[in-house]
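Okay, structure first, notes after.
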Amino acid sequence: MTQLLQVSQVTKRFGGLVAVNDVSFSVAEGEIVSVIGPNGAGKSTLFKVISSFLKPTAGEVRFRGERISGLAPHIVARKGVVRTFQETTIFRGMTVRDNVIIAHHLRSKANLAGFFVGSATARRDEAEFGRSADQILNFLDLGAIKNEVASTLPHGLLRALGIAIGLATDPTVLLLDEPFAGMNHAETKRAVELVRAVRERGVTVLLVEHDMVAVMRISDRIVVLNFGLKIAEGTPAEIQCNPKVIEAYLGSEDETIGLLP
Amino acid sequence: MSPTKKLAATAAFLASVLVAVPWAIAATGRNDLYYTLTSVALLSIASAGVWLTFYIGRINIGQGAYALIGGYTSAILVVDYGVSFWLTLPIAGLFCAAASVLIGLPILRLRGVYFAMVTLVLTEVARLLALALPITHGASGMVSIPAPGAIRLFGVTLVPDFATLQNPRLAFYIVSVVLMALCYAGLYRLVHSRMGRLCLSLQQNEELASSIGVNIAWLRVVAYAISSFLGGIGGAMFAAIAQSIYPSSFTVTDSVNFMLNCFLGGLGYVFGPMIGTFVLYFGWDFLFQTGEYQLLIYSSLLIALMLFLPNGLLSLRPAAKKRG
Amino acid sequence: MINRRSAVTFMALGTASVLSIMAGAFSANAANKELKIGFVGVTSGPAAAWGTSNVRSMQTRAEWINEMGGVKIGGETYDINIITFDDQKDPKRAIAGMEKMAQEGIHYVVGPNVDDGAAAVRPVAEAKGIIYFPYAFPKPLYVAPASNAILGMIANYQSGPAIYKFLKEKKGVKTIAFVAANESDPLSQREGGVAAAKALGLQVVAEKDTYQNDTRDFTPVLTPVVKLKPDLLVLSGVAPGNAPLLIRAARELGYKGLISTETAHDAKVLQEGAGELADGFISVGGASTPEIASDMMKEFVRRYTKKFGEYNDESNTKVYALDYILETLKANPAAINNVEEFKRTVDTFSAPNPYVKGEGKLKYVGTASFGQKRQIAVPMVVNTYKDGKFETLFVGEVD
Amino acid sequence: MEQVFANGLYLGAQYALIALGLTLIFALMNVLNFAHGQMYVLGGFITYTVYARLGLPFVVALFASGVTLATVGALIEKFLFRPVIRRSVREESTMLLAAAIAFLLDALILLLFGEKQRGVPKIVKGVFTSDALIMPYDRILVGILAIAFIAAFVLFMQYSKPGRAMRALAQDRVAAQLMGVRVDRYSMIGFALGAMLAGVVGGLLVAITGISSGIGGPISIKAFMMVMIGGAGVVGGAIAGGFILGMLESVGLSALHDYGDITYLVIFAALMVFLSLRPNGLMGKPWG
């Protein structure tokens, strides 16, 4: 198995506060890897560093052996490492379908001038993006609402739309930021299937999550952070009985879900 | 809208402004309307630029600066270097675009009121520069700029020398409305092509846009450069009509007016700034007869408009869509 | 649909506006024939005072003439109708205003009030046959080939040297400092002033200090200048509203020398804004100082005050333009519709000046400055302010 | 040098007071109030009328300015801004409304009070003079009053019930609503308070610089600059911005005396560079 994404000794400081401290792990092609940890463990910061929305203070992130940390986010996205957002971050004023079509931007063969004059390539692109968007929306069961304005959708569908936007960029690695947060049992179950289906399309998935049950069910491997440090790494089974992890979660006030029978 | 319909609409528009309006003016003898409509056309070109910056989510109160730079570029080239006005017109636009890239790179990182403020200050900086730089002839401005000359190609006169014309107002009017038509056709095309969608994605969420691979910094600069290009063109045309330019030819008031034109027409509609400029300019002109109460009535009407149509005049359209 | 709908809206609005403007244009009618005289200048915003004193002078005078039964020009009696246009100090608007004047069939326009506006309206005025009377000093407006502008007051480059000379000889002024707003008109006037001062052999100790025209507190501006202790502080092209503030700031900083300017000011404004600190302030006025004002001038002030509640001393210089127009038309009735006739009359025209005591004449001057007669002769009354009133320092003449 | 410093301090105090009202309105409603300068002018004319024309004491005149402007502000919020904010798609639309209100006030002021610059008799006579420093007593008094007003405002925001409610509102509108803050009511109080501050400064400064009808726009723009320097919507930022701009003008005009013509060019260019480096001002919250 080739290592697609390598996180090496990444440290991120904000002033005096160390949010991520010397964390290393890697993700192989086709894997689903999750990063978990109690509140304030540094998950989100690490996520932003990997997607290059933040520069690491020390260490680096490599994709296919090439250093991507420090590059502009859109360049990282062009290389195939695409993130979704924890918040319901979508293009609120556009229709669902337009949201997905615009996300095909990266696949475009024509340049902007070509689109402006309506060149043959540009028209071909437009037609193809429309088809592809419909296909993605159907794949995620969003076909029925594709002409709704995004800001009117309920929470769960927005999350799916976020994933649809991510998929439309044709990513090699999809970084999902808390895809199950705020979902009820049934919604989570559906979302888990969705993520699996995404992997079936050949997309490697790295997700940051809170919800232990879902993570245990879905992940090939799990990385556990606490206070910015990596305290464990392994398969769900290994993590489940790792005493350090149990202690970390018990030690925190509000995290008791899923770990203990 | 189908291509044929679009073509028909464009033809109808051109026919009305190039044939019907001159005919109506000739029939009524209202020759002063030429200049009024010319002003509207040119101001709406500059406003279109401001609208485009609104479209990427930036409040631009700095268009006066580019109009001033454009006006001076053209005037200096014509007066001091003897370049033909018709050549200076695109040069003025391009010079403004180039300047706006340099200025835009640092300031486009700002958002909201901060960007608005910085651009407002930019207008004042441009005025003070025009006063201080030797090349602009400083406080005494530039006067007696020659009228646009002829364009000849292989001995055929394509455009006559404006100085020899019976009615240069009509000539300026035609040039201005043609420029306006080109500008809005281009803007319409741009907004309805991929670039427009990308600009919209920027307006709605810059982070998400960059996560799907949009080079937001580049796109912002491009949009801003186009915007400034339009400002420069408008300014250069005005300098040619007034045959003079002063550091105070475009001021903060103009910058604010360009912005208000966009608001009034509607930020969501490509043709918003055109309608906005028309209504604001003519509204003021209309009230000319009310003498000292002009400003009072004008502002009251504006407030009423905002109360009833807070999303701009074009939101009146029954089939109003989100995007124009 | 957008394109066509917008076009339709556009056309509808356009038609509506054309119709209603026309309705307005045809509504005026009167028993006497009507003579329209225009005004294009600024009557709103920060510089509102400049145009307002213009308009009010014209309206007062016109009302007075009409009350007396109108003005007789070449066998016809006319009522004067003043058509005003507020250009908001925007040269683009000023052009529109001039176009509007042409549309109204007006051939004589007072204004604009500032350099950029006066320059911008030139093409229209010359194309449409309009003589206009700017209150702006740039020489290219009046030097040939320019032909349709007539300077409506005394330029700073005419009054400045006279004032400096007087002060040098009578008050022993040796050093001089200039302060100006960083705008075209004041800066140009400062340049002229500096040149004049140097020509007189005065030592210019400060010539680069500027302020933003919207400054409210001038202490920081004047602190470095006052430190130089000049004998004379010149406030180049100072706006009436700013003058008392500058004077007060200079005096309160301990400035002991003289303060002067080449523009016209209002005694009431000086009194309210600077009180006794303004005593001795030297400015250029028209004809209302008691020493030289004729009964007609006093009557004018009385009517103005009655009509608008309060007189503005800036109007002393602005009372003239309308009378010049009318008197010249009386002298050559053919000029009423033909400005070429007016230009011919300019060279020889002469009439008594009703606003000053004695032998004053209304005539056109400017040959020395412009090479042609493109300026109205206004008595150059140099005033000094004292206890809420102006006193005449000396009276000069321009040729 | 002391003179330059004292000038800057005095200027800063009045600027800060002008900026406070603007930043308060911005913080509460995300409205950039273009009419702030016009409110200042209106306050100035009311003080002028009451003090110079009616001959009542200066304090009464100042009080009249404050009360009138608070009323005007409350009415404008309730009947103009509130409905427009509720119904517009993009919140920037309020800028057109604010500009229209600015025009309206400009027109009303011009019609009611005329085009002339107005001034009042000095409230305190005499000038403090030492070797290093010359300062008229009325300036000293006004400077102290301005600082006192600023302090009173800060204390009010910090410790009074409405002050705390407004701070919560500025922090997070939705959260404040959930906590039981009556958003509409406090928006109105905030707007009235902001307008009142503008009116009180206008009245206060009549004693020094007089008042004239057209200066509203320029005052607004100056106030915007201070707010941006300090950071929009932050009380401390407005105060800092006011003092910084005051100092900048005072020091700049003296230091660049030999190049006088470009002093303001340098100040404005520096401001642009500063904001490019610190996109949210000194202490502002991100906005966009």
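The first chain written gets the first letter, and so on, giving A, B, C and D; residue counts start at 1 in each chain.
The rule is short, and it goes like this: a residue touches a chain if its C-beta (ideal position, glycine included) is under 8 Å from a C-beta of that chain, and two chains touch if they have at least 3 such contacts.
All values derive from a computational prediction rather than experimental measurement.
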Consider the two chain pairs B-C and A-B; indicate the one with the greater count of contacting C-beta pairs. B-C
Specify the chain most distant from chain D by Cα centroid. A
Chain with Cα centroid nearest the overall Cα mean is chain B
Between the Cα centroids of chain A and chain B the separation in whole angstrom comes to 43
List the centre-to-centre spacing of chain A and chain C in whole Å, with centres computed as mean CA coordinates. 71
Note: chain C sits from chain B at a C-alpha centroid distance in Å of 33
Just how far, in Å, is the C-alpha centre of chain D from the one of chain A? 47
Flagged in chain D as touching 2+ other chains are 106-107, 110, 217, 221, 261, 264
Which residues belonging to chain C are in contact with no fewer than two other chains? 43-44, 182, 187
Counting only residues that touch at least 2 other chains, which ones in chain A make the list? none
Just say which it is for the chain contacts: an open line, a closed ring, a star, complete, or other. other
When you check every pair of chains, which ones turn out to touch? A-B, B-C, B-D, C-D
Of all residues in chain D, which touch chain B in the complex? 26, 32, 80, 83-84, 87-90, 92-93, 95-97, 99-101, 103-104, 106-108, 110-111, 217, 221, 224-225, 228, 232, 261-262, 264-265, 268-269, 271-273, 275-276, 279-281, 284, 286-288
Residues of chain C touching chain D in their complex? 43-49, 52, 182, 187, 206, 208-210, 212-214, 216-217, 219-221, 223-225, 240-242, 244-245, 252-254, 266, 268-269, 272-275, 309-310, 312
Chain C touches which residues of chain B in the complex? 1, 5-6, 8-10, 12-13, 16, 20-21, 24, 28, 30-37, 39, 128, 131, 138-141, 143-144, 147, 168-169, 188, 238, 241-244, 246-249, 251, 253-254, 269-271, 274-275, 278-279, 282, 285-286, 288-289, 291-292, 294-295, 314, 317, 319, 324
Under the stated contact criterion, what part of chain A meets chain B in this complex? 51, 53, 72-75, 77-78, 82-85, 89-94, 98, 101-103, 105-106, 108, 110, 112, 115-116, 118, 122, 125-126, 149, 165-166, 168-169
Which residues of chain B touch chain D in their complex? 54, 57, 59, 106-107, 109-114, 116-118, 120-122, 124-125, 128-129, 131-132, 252-253, 256, 259-260, 263-264, 267-268, 292-293, 295-296, 298-300, 302-303, 306-307, 310-312
